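Labels run A, B and C following the written order; every chain starts at residue 1.
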Amino acid sequence: MKSYRKELQFDVPTRHAFINITRRVEEALSESGIRDGLVLVNAMHITASVFINDDETGLHHDFEQWLEGIAPHEPVSRYRHNVGEDNADAHLKRVVMGREVVVAVTNGGLDFGPWEQIFYGEFDGRRKKRVLIKIIGQ
Amino acid sequence: MKSYRKELQFDVPTRHAFINITRRVEEALSESGIRDGLVLVNAMHITASVFINDDETGLHHDFEQWLEGIAPHEPVSRYRHNVGEDNADAHLKRVVMGREVVVAVTNGGLDFGPWEQIFYGEFDGRRKKRVLIKIIGQ
Amino acid sequence: MKSYRKELQFDVPTRHAFINITRRVEEALSESGIRDGLVLVNAMHITASVFINDDETGLHHDFEQWLEGIAPHEPVSRYRHNVGEDNADAHLKRVVMGREVVVAVTNGGLDFGPWEQIFYGEFDGRRKKRVLIKIIGQ
């Protein structure tokens, strides 16, 4: 069994962002030399997400509006976590979108359906954060 | 390390459906000859889900009602993704239910608790879709 | 490839609880002798969750309030699953929080960001339940 580990760095200038990281995961896979196995991609921070969906601007706007509806930022005082912080809603948004994805590796590539793309979801940006890529296989 | 890959095909005649695929995952596991490891089961499409829950009709009705409440189909015009499409809500419903499950393989079987069953969740049917089963282990 | 399997037992005296199980997963990892690979931690019951977030009391209170808002227990009669049961909402809450986490194992430890902790989320306690830890690697 071979394994490979890589971190991606982020420092998003806005509070929220969806960033397509598919190419960067493919780069890590290529560096690993692993052609068959599994890749785990996870946010290393608890107010950020890694998820798979469509790379379509309108949909990302819909995600944003929808998340604000079910896990609103305001009023900040509604959350007990917000003592010296104002990011409780970011923890909830990350729960909805998920921490991680596990993707099959087949023939040296991400074994994806036609529209699958991997995104980093930031819900409390303006600080340094990381994503972990861990690949195991042969 | 051994690995095995199989696709399941779906062409659901309705917009929504929950289909128990546990038996089909067990078949793939049996075909693989793998007795110890991990199996990944994921939707290859971004308006469908693979999740684990109870095989109980009343509960599935509750899931359906609940998802419609937190990620409604109507009005279609509320979503920016719906330009020539009307499936934005299907993307949201899939986010809630999840893309994938990872299940332990022990002694050649799915290492499950008493009520765990694997479901394919369709939120935008009436077209061909696929589920990927990837098993690694020994 | 090596593998290791361990179950954790729970019998929570309340309906709901969030229990930090990070130390117990680290113990299992240490017992396994595996220094590089993946660990799967999943609830074996469909009204419970395993998830990763912050170990902060205020935040856990916020999770509790938020889940009650989007997947309310009352009125029990609103759910079809509640025939001789009253736990339909527990199935929904578990869907939101997730069944499982997959964590990278590097240098014999959980490959975590600064605040990541693993929790068992109970939504229908007062009965015996289990969590499965499955580790594969070398």
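By definition in this document, a residue touches a chain if its C-beta (ideal position, glycine included) is under 8 Å from a C-beta of that chain, and two chains touch if they have at least 3 such contacts.
Computed from a prediction, not measured in an experiment: that's the story for all the values here.
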- If each chain is a node and each touching pair an edge, is that a line, ring, star, complete or other? complete
- Query: Same or different: at the subunit B/subunit C interface, is the fraction of residue numbers used by both copies above or below half?
  - Reply: different
- Item | Computed distance of Cα centres, subunit C from subunit B, in Å | 20
- Expected list for subunit B, residues touching two or more other chains, is 1, 38, 70, 96, 98, 102, 136
- Message: Give the list of subunit A residues in touch with subunit B in this complex.
- Response: 1, 36-38, 51-54, 56-59, 61-63, 66, 70, 96-98, 101-104, 106, 111-116, 136-138
- Would you tell me which residues of subunit A are touching subunit C in their complex? 1, 3, 5, 38, 40, 42-46, 70-71, 79-83, 88, 91-92, 94-96, 98-100, 102, 130, 132, 134, 136
